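A single structure is presented below for examination.
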Amino acid sequence: MSPQPLKVAMIGGGAGAFIANPHQKAIHFDGTRKVHAVALHPDPEVAMNEANNWPYPVKGYASYDELFEDQAKLPENERIDYVVIVTPNFVHFDPAMKALELGIPVMCEKPLTVNLEEADLLVAKAREKKVPFAVAHTYLGHWSSWFSRHIVQSGLLGDVRWVDSYYLQGWLADKLEDSGQMQAEWRTDPKKAGGSGCGGDIGTHALMQLRFVTGLDVEEVSARLDKFVPGRPIDDHFTTYGKLSNGGKCLVRASQICIGHKNDLGIMIAGTKGALKWSQEDPEKVTILLQDQPDRTYWRGQVCANDGFLGDVPQWLLDEPTIPSGHGEAFHDAYARLHREFEKDVRAYQAGEPWSCDGSTYANIDDGRMGLAFIDACIKSDDDDGAWQPVSKS
Amino acid sequence: MSPQPLKVAMIGGGAGAFIANPHQKAIHFDGTRKVHAVALHPDPEVAMNEANNWPYPVKGYASYDELFEDQAKLPENERIDYVVIVTPNFVHFDPAMKALELGIPVMCEKPLTVNLEEADLLVAKAREKKVPFAVAHTYLGHWSSWFSRHIVQSGLLGDVRWVDSYYLQGWLADKLEDSGQMQAEWRTDPKKAGGSGCGGDIGTHALMQLRFVTGLDVEEVSARLDKFVPGRPIDDHFTTYGKLSNGGKCLVRASQICIGHKNDLGIMIAGTKGALKWSQEDPEKVTILLQDQPDRTYWRGQVCANDGFLGDVPQWLLDEPTIPSGHGEAFHDAYARLHREFEKDVRAYQAGEPWSCDGSTYANIDDGRMGLAFIDACIKSDDDDGAWQPVSKS
Amino acid sequence: MSPQPLKVAMIGGGAGAFIANPHQKAIHFDGTRKVHAVALHPDPEVAMNEANNWPYPVKGYASYDELFEDQAKLPENERIDYVVIVTPNFVHFDPAMKALELGIPVMCEKPLTVNLEEADLLVAKAREKKVPFAVAHTYLGHWSSWFSRHIVQSGLLGDVRWVDSYYLQGWLADKLEDSGQMQAEWRTDPKKAGGSGCGGDIGTHALMQLRFVTGLDVEEVSARLDKFVPGRPIDDHFTTYGKLSNGGKCLVRASQICIGHKNDLGIMIAGTKGALKWSQEDPEKVTILLQDQPDRTYWRGQVCANDGFLGDVPQWLLDEPTIPSGHGEAFHDAYARLHREFEKDVRAYQAGEPWSCDGSTYANIDDGRMGLAFIDACIKSDDDDGAWQPVSKS
Amino acid sequence: MSPQPLKVAMIGGGAGAFIANPHQKAIHFDGTRKVHAVALHPDPEVAMNEANNWPYPVKGYASYDELFEDQAKLPENERIDYVVIVTPNFVHFDPAMKALELGIPVMCEKPLTVNLEEADLLVAKAREKKVPFAVAHTYLGHWSSWFSRHIVQSGLLGDVRWVDSYYLQGWLADKLEDSGQMQAEWRTDPKKAGGSGCGGDIGTHALMQLRFVTGLDVEEVSARLDKFVPGRPIDDHFTTYGKLSNGGKCLVRASQICIGHKNDLGIMIAGTKGALKWSQEDPEKVTILLQDQPDRTYWRGQVCANDGFLGDVPQWLLDEPTIPSGHGEAFHDAYARLHREFEKDVRAYQAGEPWSCDGSTYANIDDGRMGLAFIDACIKSDDDDGAWQPVSKS
């Protein structure tokens, strides 16, 4: 018997939201999940109106509170299976907390919250309730991120000495927020974005890529938060030199004023035996560099174990991609992989079986909290002119 | 009120099929279409067994005949809205014809049929029945293909003189069909693939890219079909020099023995005023070259009208992509765009409104037939040691 | 004791010539050769005037006839050691023949002559006189060409099945010759350029790259010479499908109307075991592709023997480059390598020692003649609408 | 009348030296300069022996002291015209000072000296004696560096906000100096290399590229000097965050432990209106990025003024390259351009005419001193755990 698709509730996503679109595609991608209910907007009228005119039939709610209240009343087979939170950053905490209270699994957009205190509360609640919780760090969903993580774990690069992880954009090089552009507006408002603009918005992606691929933490930071656009109250450029948990060092860099850079996220890892390079804008390839050797570029889907260079490669990693090399996966595929992996944990959770949600295939709530802790430390470091600050652990 | 999702029937797709997967993702992508019914395999038992164990609930049929027979008996709101044919090439004709007879819109995998005669019959039937019919030439679904077509139409390149359109693969460099690999087996069997292997399978993609982007036809061909792998009864390498309908010339090339080439489809167009380059393996960028000018590389989503170089760009083209530049679209996005555009025509067809299916956003049945006519002429030319052969028009 | 620099005479090179400049740089590059005498121009007055105002002191001659006549009268240690011929194509034959008669080694720009008959005469004379003779096919002078040749010889790619060798330019997309531009003028005048314009000028480079790297000959051709620019009496676009001496096939392509293509010479070789790619515009890298393996990109200077993939690599090949990987060599370095290798043969010739001039490090007169034979066959094939024509052997 | 070639004396360069080779090629490149005299080695016997067996005739000296002493005794037309210093870093100061005393122009390898005190003495002497003095920052000799500098000066990028200038290598990832490799040995010995290894050796190249292209100074630094290879007494990795003289910020980064990175020097400049990218390993192209515009990639030799984007481009910049676009220039061409420009100043100096040596086409002694001042400040900052340090001005 075919299993029923998971019913997903989407909180946020109305009125020109951007990130709600990729989530919907990712939810629908495999046919095994569907958007079932929505609470699209803080204004109840807008919320219901948009729901009624959604491109496909959904159950609309005037607010996420109403949505959650309704759950208990529904027959079990009509309840939602997980919730996706795609509201602006400052509206992540409240619905996430309410979902956890009800034992509903959550996939929350990053950053988890706008400050570390809220993040700690959420972590505590998730541990108490034992509910799967994902944070949507998209780029971990690329096969190439998984492969890179495997390469580091396999020891091929030796010990990691240095990592340069960066995310460069240019779309905020002008004071776009003054034009009324919604995406720019909330991202540059400290009340809605948190204490760091560029660092919190995309520096955390660079951090998470570093943490996921290397398996290391950034434990201490010396950070510089720059505000290049006149009148902007929050950083639009971010440079952090950090100490890694294995004694290595790193740069975690981000910018929103580097014109012509679209979503230039990438990582370079230098170990004692070799180096690895990857870029999100060319996500199908991982390049591995050894001393006195040719550059080896692996394409997703064109990898085999024991090729005279790689050792064993786990079968699940070789099996993962469903389209061959040269037929590209990209942004939506990465998002879909997050939901696909989360689905496994949600189905296990519902069945009362063991589930991991251990950060090995997507970012979990601890990862999300670590993003906040990192930014918190960076803000303090910058306030103290770049002095070292520890990154707090949960 | 939100419209109901279109109900799609999938014919073929069982037992390790490849292309059925991208179609399913593309169907589900937007939430406005869903796979509703399936006839997965020629063996009724396999067909039903697979349907019952499909990853999500579908209505299973033992055969496509049964599926079609069932349609008339169903209440109107339970009937399928269109059918997707993903069977091996030699099983395209029959279900397509039966769908047309019933007035059911069809999206058929390429090639339309395995010979020109069958293609002509299908074209005649589609015209008689006036039913939307799409042929799944995936790569036309890239935004960059649409943009390239616009660039040529806008006159920016002047008159097209020369086109090099190619599709290079390497996966059949060994006699993979002897290993029992299913994809290799039918592609190298003239009974199942038609008279040309490599040319029919992927040379037609190169042709269609040329035709779509330039708006020109290949009217006469001098073709060389090579069989490099010993014992293979059908070409695995394909080189055609052709005359374009505007007096220009072209190469349409394909190979399956160029090791290391994955899905290396690309096009270079040289006009009297400029040239354009695009590659499927890097599908987000179109490069435009003018004399004594810098290379201009346009990214999907990073285009604006009247940039001092481009003139007007249609708003629908600028609006089309839903994710910003640098967050890539790829293979699944292209497939989804085909289905999204086809959905528009299907909904209009059902509503009794005008629909175009004119080949401007996806390949239609006439395009599909032209692929067969092209291959037919190439086979004749090769049989006559490369002598010129006209490509028949419908 | 340090050897005296070789004294080189340059024939041609006055009045805005292009190719004389790279030759001079290449001659001077190592300090072991110098331009000593020049016959710069057919007009004796211009010739002497330019010589007197040359950027550095040279012995000027009013004509190359005068230069040659003067040789016999000079004391032996004042005679020239070799001559470089950089006149327009139709003025290669005469000075080359005269130098050979005098036993003076020749480096001649390509094409060797403007027709096969003259080429055959020169070959006969060179054999009779036993004098080193180089033809300046620049791109053979790239280390990457030598490395590629080694890779094919080593068997790493298996048997060569298919070669695509091309040289695309765009500078003649307009009728530049009407503007009085000297380089365009003689290249599009059949009297000065020979029977093929684009094919003779740059198609021969693509041919020579193929022959040098693969060690194979093109034995039969089916050629298409296109004239795209109205009013041009000679091809500006060139497409040849050919049979290789080992039973493989090839394309040798060239164009001067592909706008935006600068000197886009490249080669792709597909063998039974692997493929190789190289491009002149990125000359420091050779990419080797094996089935189910990563793309391996070798940089000049970053190659070692027995790297788990390459077998033995000759020490002379590893030792050759004098600057490390990542500090690029380019056009002038390639030219210099031709002269450096030719110097070895010239010094051996003068010392009465064995010299090879065997085409393994630069093109010799037989290679030059083969270029003419190839073009001769292509012209005949094109005249016969693409029918097969054999390429004559000497 | 043709001018006589300049006579160049080379100090250092014996016994396996690397950098002496490119200098010799650069000197000979144009035919207007030649290596005339050499003092190759500190050991007089080695020095004379090598000179006698040099690949071409040179006047050998047992030491540079002997060379300088000899100058006064020579007839004027036999004296050297300038001296090139290619000794290890700690042997730059003494011969440079002696040459200046004699009024002999100097081209000195970088770094100018091994500490700021010596650099200040040399600057003072050069000013006193009014002698042209070049520091061989190779990469300024790329046409693309000149073009980039013009682009910034033209205002096309607006005000510079951020610069990321980097030079990454990997060859010292192991403790190569223990193997006796000469290049590694002196570069990792503080006595020979100065107080910073990686920063002094190649971080200064990144600095100089930044200064040349932007026309800005780095005025204050917060630096981190890492020693990743156990037992190495000096930094092999270098990260400096700095304040620019216009209020902008920058990173100046360098590494010698990033395996697989050859000579990965590059720069990205983000201004208020646009950005520019360039990489030394692909030196023929400069990419300019404006908001909502395509990436514009300019090739050397494929630039024209007023192309609808660029405004006026100085004619000397357009005229400069002597080979067309697509026929690459590289490392040796850049070196040659330094000597070619220096030759102009030397000839003017000798003729008693005005000469500039103003840093606009190659680095002068003030630039060289600024490199030392920068490193000096970085070392102090690193000693103080990254605290801000001013870069002293001369």
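A few remarks follow.
A, B, C and D are the chain letters, set down in written order, and residue numbers restart from 1 in every chain.
Keep this in mind: contacts are C-beta pairs under 8 Å (C-beta built on N, C-alpha and C of every residue); 3 or more make two chains touch, one makes a residue touch a chain.
Listed by chain with UniProt protein names: A, B, C, D = Gfo/Idh/MocA family oxidoreductase.
Computed from a predicted structure; not experimentally measured.
Looking at which positions face the partner, chain C and chain D present mostly the same ones, since more than half of the interface numbers are shared.
Seen as a C-alpha superposition, chain A sits on chain D after a turn of 180°, to the nearest 5. Two chain pairs, A-B and B-C, are compared here, and A-B has more C-beta pairs in contact (counted per touch definition above).
We define each chain's centre as the mean of its Cα atoms; on that basis chain B and chain C are separated by 43 Å. Here the CA centre of chain A is 34 Å from the CA centre of chain B. Chain C has residues 261, 293, 295, 299, 302 in contact with two or more other chains.
Every residue of chain A that touches chain D in the complex is listed here, in rising order: 161-162, 170, 173-174, 222, 224, 226, 228, 237, 239, 241, 249, 251, 253, 255, 257-261, 268, 270-275, 289-291, 293, 295, 385-386, 388.
Considering their complex, residues 288, 292-299, 302-304, 307-309 of chain A touch chain C. The residues of chain B lying in touch with chain A in their complex are 1-5, 18, 21-22, 24-25, 28-32, 34-35, 52-58, 169, 171, 261-264, 280-283, 299, 301-302, 322-333, 336.
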